[in-house]
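Each structure below appears as C-alpha cells.
Two complexes are shown next, each including chain A; its partner changes from chain B in the first to chain C in the second.
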Partner chain A sequence: MTAVWWILTILGILFFPGIGFCISIALFDEWIDRKFYAALQDRIGPEHAGFKGILQPLADFLKLLANEDIEPEAADKWGMRFTAIIGLAIPLVALLFIPIIDTTGLLSFEGDILLLAFLTTMIALIIFLAGWFSASKLAMPGTMRAASQLLSYEIPILLAMFAVALRTQSFSLAGIVQWQLDAHRPTLFSLPMVVFFLVFLLSSQAELERSPFDIPTAETEIVGGWEVEYSGKKLGFFRLSADLQMVFSAGLAVTLFLGGPTGVEMWIPSFADWLASIEGVSGLAVVAILYYTTMFAIKTTIIVLILSAFRALMARLRIEQFLEFSWKWVIPVTLGVFAITFFYVPWTDNVVWSHWEGLFDVS
Partner chain B sequence: MADKKKIKLGSPQTGCSSCIPNTFEIPLGPQHPALKEPTHFLLEVEGEIIVNATPRIGYVHRGIEKLAETKTYSANLTLVERVCGICSHIHSISLANAAEAALALEGFEVPLRAQYIRTIVAELERIHSHILWLGVAAHEIGFDTLFMLSWRDRELTMDLLEDISGNRVNYAMNEIGGSRRDMNQSQIDRMLKYMDITEERMERYKDICINENTIRMRTQDVGILLPQKAKELCACGPTARASGVAIDVRYDDPYSAYGEFRDIFNVITYDTNDVFSRVVVRIIETVEACKYIKWMLKNIPDGPIFKKAPRKVPEAQILSRTEAPRGELIHYLWSNNTNKPYRLKITTPTLSNINTVPEMMKGDYLADSTITLASIDPCFSCEDRMITIVNNDRRKPKIETWSESQLRKYSNDWHAKNKRWKK
Partner chain C sequence: MVLQKIITWARVKSPWIIHVNTGGCNGCDIEVVDVLTPRYDVERLGILIQGSPRHADVLMVTGPATQQMKDRLKLLHEQTPDPKFVIAIGACACSGGIFRHSYIPCLGIDTVIPVDVYIPGCPPKPEAIIFGVAQLLAKLQGKDSPVITPKKIALKDLKKSIEEGLAK
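Moving on, here comes the complex of A and B:
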C-alpha cells in the first residue's frame, strides 16, 4: 500500500471510474432513455440543451438544486434530509463494485455480491423511510405500495444473482467475469440463465419503479406517491439516485450475464493475451481502460434501451395485480429453475454445452 | 353528539367510539395531476379499497347564464361556445336550435346546407373529443405511448377544423339562421381523405385496446355501473350507453341534419358495464362518426348557407336537446319578444354523470379511482352553474354575508387605505 496506490484509489473513487464517471454515465443513460422513449411515442424528446439535448438531464438536476426546498410542518425534517442523502449515496457505493475499467471493480472482495444484494434491499428500505418521514396522506399509500412491491421483486433479484454465483462457482463479481472469460461465453448462454436474465430485467424494472411497475410513484393515482413531499435539492438527489440505480441495475445485469466490461477478447484469445500483457505498461494501459469502458457503456446502454422499450409498451399494473403476478408466477418459476440449476446443470451443462463451447474454443 | 359525529365520519356500524377507525380519508382534488380541472372527491378508504366517495363541485362557477341575459342572441352564440373548451360547437348549435325553434313559430326556416355544415362540424368535434378522452384515459392507467400516439392522430381532425373554421377550439361556425362559413370542394376532398385515415387509425386503437393485456387488466371489472343504476342516477351519453342503455339524442330526437341519415345511424352500446365498456363504446362511436361525416360530405345539398333572421325572438319557452360528445346537453331558453334572452339555463352532461361516479368507485381499489372518474369524460368547468358555501369544514371558517352596500363601503375603505396600490 504505497502512497501512489492510495492517491490513485482516492482519485478513482472521486472521478474515474468513481463518482464523477458514474454520475456522467447515469445522466447520459437518462438522456438515452428519454430520447428512445420519445422516439417510440413519435415525439422528439429533449432537444435544446447541448447536442440533441444531451445536457438536459444535467440541466434538470441543476435546476432542481436551485429550486426552493419545502418541508412540511408535520414531517420529520431531519429524517427527510437524511434519507435524501443516503438514497444518493447507496447507489454510488454500489457502483464502485461494478467492473467498469477493468475485469475487477474499483472495490472488490470475495463475497461482494452479498454486499450488493444487501445494498439493493437498502435502497428499497430508504424509499420506504422517505415516504414515512414525509407524513403525507398521499405518500402513505405510496410507501405501503413500495414496501409490498419490495417483498415481491427482491426475491427474484436475489435468486437471479445467486443462480449466477452458483453457476460460476464464485461469490465475487470479478470471479464471475473471469469465469465468463475462461468459458469463452457470457453467462447468458449457459443453460437456464436466460430465464434468470429475463427475471432480473423484470425485477430491475420493478426496483427502478418504472412503468409498468411505477406503482409506488403513480403520478395519476397518488400524485407521485412517496416522493410527493420532496422538492428542490432533495428531489434532485432522489432523481439522480434513480438514474444511478438504473446504471447500477444495468451494470449488474451486464456483469452477471453479459460478460461485464469484456468484449470480443472472449472469443479471440490472442487479443485477450495482448490486453493482459499491456496491463502493467503505463502508456498502453490507457488503451485497455478505454476499451473496457467502451464495452461497458455499450452493453449498459443496450440494457437501458431494453428497459425503455419495456416502459413504453404496457399500461401500469395495479399493486395487487403485480403482487399476484410476482408471487404466483415469477417467484415459483425462479425457484423451480434455481432448483434445476442447483441439482442438474453442472452435469448437463458439460454434456450439452460442450459442443457449444467447442464452437468458440479457437485454441 | 360527539359520538354521533364520529360514527358518521369514520367507519362503520360495528365501530365503537373508542376503537381506532379502520378507514381514513384521502382527498382527490381540487388539485390533482389526474384532474385537468378542479373538482373534489373525498375518498373514504379501507387500506386500498374505497368504501365511500363524496363529490363536491362548484369550483369554477363563471356566471355565464347571468351574463347571457345581458347579451343579444348573436353575441350569446359566442358566449356559450366558451362554456366548454372541448365541446364548444355543440353549445352554439343548441342555443341556435332553441332560438330558431322560437322563430319557427313565425315561419322561419334554416337552409338545409347550413344544417349539414353544422352537423359535420359537430361530428368532427365528437371525433377529436373522443380521441382526446382516449389519450387521457391511457395516461390515467399509465400507458403514455397510447396517449401520445392517439393525440398525434387527433391533430388530423384539428387541422380539418382549422381548415374549415379558422380556429382549433372555438369554431364560431354558427349564426342564428345558418352557418357563417361555407365549404368548398377542395376542403370536402381533404376531409374525405383525412376521415379515411382517422377511421383506419381508430380501428387499430380498437384492436390495441381489446387485445392488449395490461389495458384489459386495468379496465375490466373496474367502475361497474349496472344498467338499472345508470337509469336511476340519470346517466347519459357514452356513460349510459356503455351500461347497455340505448339512449342517444341524435337518434331519439334528431336535430340539425341527423334526421337525414337516421336509417344508417347506429346507437352504440356495450354490455360489460365497466370502464372497458366505455373505452370500446367511445372508440366505436368515433369510427361511426367518421362514417356519418363521409355520408354527409357525399350528400350535402347545394343552396344558401344563411338566411337572415329577425332580431327579436318571439315569446316562447324552448327546451333544446343535443348530443354533446359527453352526453345529453340541455339548453332551456325563455325568450320574451326582445333581442335578448329572458333566461338561459344550461345543463351539461357531466352534471348528470357525476352522480354515477361514487356508485362506480365503491368497492374498487384506490388505484382505479382516477380512471373511474375519467371514464365519464368529466368536464367540470362546464357543469358549474352555481356556488353553494358549505360550512361543514372541520377548521370552521368564518362565513359572513354582506349586502352590496356593505361590500361597496368595504371596497371604498380599502382603496382609501391602500392608495398606492393603484400605481
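Moving on, here comes the complex of A and C:
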C-alpha cells in the first residue's frame, strides 16, 4: 500500500470511475431514457438544453439545488435531511463495486454480492423512512405502497443474484466476470439463466418504481407518493439517487448476466491475452480502460433502453394486482427455477449442453 | 455572477408546472392538457407536470378564484418553494371573465396571489399557453419578449411534402 496507490484509489473514488463518472453516466442515462420514452410516444422529448437536450437532467438537478428547501413544521427535520443524504450515498457506494474500468471493481472482495444485497434492501428501508419522517398524510399511502412493493420484490432480485453466484461458483462480482471470460460466454447463455435475467429486469423495474410498477409514485392518484413533501435540494438528491439506482441496476444486470465490462475478447483469446498483457504498461493501460468503459457504457445503455421500453409499453398495475403477481407467480417460479439450477444444471451442463458449450469453445 | 448565470440557465431550462383549477368551467383545463399531448410536446422546453406543489416552480391557474378556492389557492401558493411564478390562463383567471359581474365577486386570481403572466382567451389556444410560458422564461432571463429564431425551410421540400399529402 504505497502512497501512489492511496492517491490513485482516492482519485478513482472521487472522479473516475467513482462518484464523478457515475453521476455523469446517471444523468446521461436519464436523458437516454426520456428521449427514448418520448420517441415511443411519437414525441421529441427534451430538445433545447444543450445538444438535443442532453443537459436537461443536469438543468433539472441544478434548478432543484437552487430552489427553496421547505421543511414542514410537523416533520422530523433531521430525519428528512438524513434520509436524503443516505439515499444518495447508498447507490454511490454500491456503484463502486460494479466492474467498470477493469474486470474487478474499484472495491472488491470475496462475498461482495452479499454486501450489494444488503445495500439494495437498505434503499427500500430509506424510502420507507423518507416517507415516514415527512409526517404527511398524503405521503403515507405512497410510503406504505413503496414498503410493500419493495419488500416483495427484494426476494426475486436476491434469488436472481444468488442463482448467478451458484452457477458461477463465486460470491464476488470479479469472480463472476472471470467465470464468464473462462467459459467464453456470458452467464445469460447458461440454461435457466434467461429466466433469472427476465426476473431481474422486472424486479429492477419494480425496485426503481417505474411503470408498470410505479404504484408508490402514481402521479394521477396519489400526488407524488412518498416524496410529496420533499422540495429543493432533498428532492434533487432523491431524483439523482433514482438515476443512480437505475445505473446500478443496469450495471449489476450487465455484470451478472452479460459479461460485465468485457466485450468481444470473450470469443477472441488472442485479443484477451493482449488486453491482459498491456495491463501493467502505463501508456497502453489507458487503451484497456477506455475499451472496458466503452463496453460497460454500451451494455448499460442497452439495459436502460429495455427498461424504458417496459415503461412506455405497459400500463400501471394496481397495488393488490401487483402483490398478487409478485407473491403468487414471480416468487414461486423463481424459487422453482432456483431449485432446478441447484440440482440439475451441473448435470445438464455436462451431458446435454456440452454440445452448446462447444459452440463457444474456441481455444 | 457565474453561479447566478448557471442557476438562471437551469431555471429557464426546466420550469416544472402544477395545474390549479380555481372553479372554472374546465375549458382552459382541457387546453392545458392539450399542451402536454404529443402534438405540442412541451417536454421539449423541459416543462414537466408535477402532482405536488412542493415539486413545482410555476403555478398554472385557471378559473376565477371563487370564494371557496381563494384560501386554497393562497395555501398552494405558499406551499410552492421559492422562486415561484404564477401564470393566469384564460379570461376568468385574468379578470373574472363572465363571473365578474355575478352576485358573488370573482375578480380574477390577481386579487389573491401575485401573477407574472396573463394569457387571455376563452379558452386560450395551446399555442398561446406555450407563448405565455415562453414570455415567463424571457422575463426570467431579463428580456422583454421571447427571442424566436425562425427555422429556414427549403420551399422545394415543403411543396413536395404538401403534394404528397394531397395525393394521399
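Everything that follows uses one rule, which is that the second predicted complex is superposed on the first by the 363 of 363 C-alpha atoms of A that agree within 3 Å, B and C clash if a C-alpha of one lies under 4 Å from a C-alpha of the other, contacts with A are read in each partner's own complex, and residues count from 1 in each chain.
Criterion: a residue touches a chain if its C-beta (ideal position, glycine included) is under 8 Å from a C-beta of that chain, and two chains touch if they have at least 3 such contacts.
The model shown is predicted, which means the values in this text are computed figures rather than measured ones.
In the superposition on chain A, contact of A:Leu158 is made with neither chain B nor chain C.
Judged by the touch definition given at the top, the superposed model places A:Ile319 against chain B, while chain C stays out of reach.
When the two complexes are overlaid on their common chain A, residue A:Val223 makes contact with chain B and with chain C alike. Of the two partners chain B and chain C, it is C that touches the larger number of chain A residues. Once the two complexes are laid over each other on the shared chain, residue contacts for A:Ile127 go to neither chain B nor chain C.
Residue contacts after overlaying the shared chain place A:Leu40 against chain B, while chain C stays out of touching range. Touch criterion met: A:Pro141 reaches chain B, while chain C stays clear of it.
Where the contact sets of chain A with chain B and with chain C meet, they give residues 41-43, 138, 219-220, 223-224. Interface residues of chain B facing chain A in the complex, by the touch rule stated above, are 24-27, 32-34, 48, 138-146, 148-149, 152, 212, 214-215, 217-218, 365-370. Interface residues of chain A, counted against chain C in their complex, comprise 34, 38, 41-49, 53, 55-56, 58-63, 66-70, 138, 219-220, 223-224, 227-232, 235.
Across the complex, chain A meets chain B through its residues 40-43, 137-138, 141, 211-212, 214-215, 218-224, 312-321. Touching chain A in their complex are the following residues of chain C: 6-7, 9-11, 13-14, 38, 41, 43-46, 50-52, 54-55, 57, 79, 81-83.
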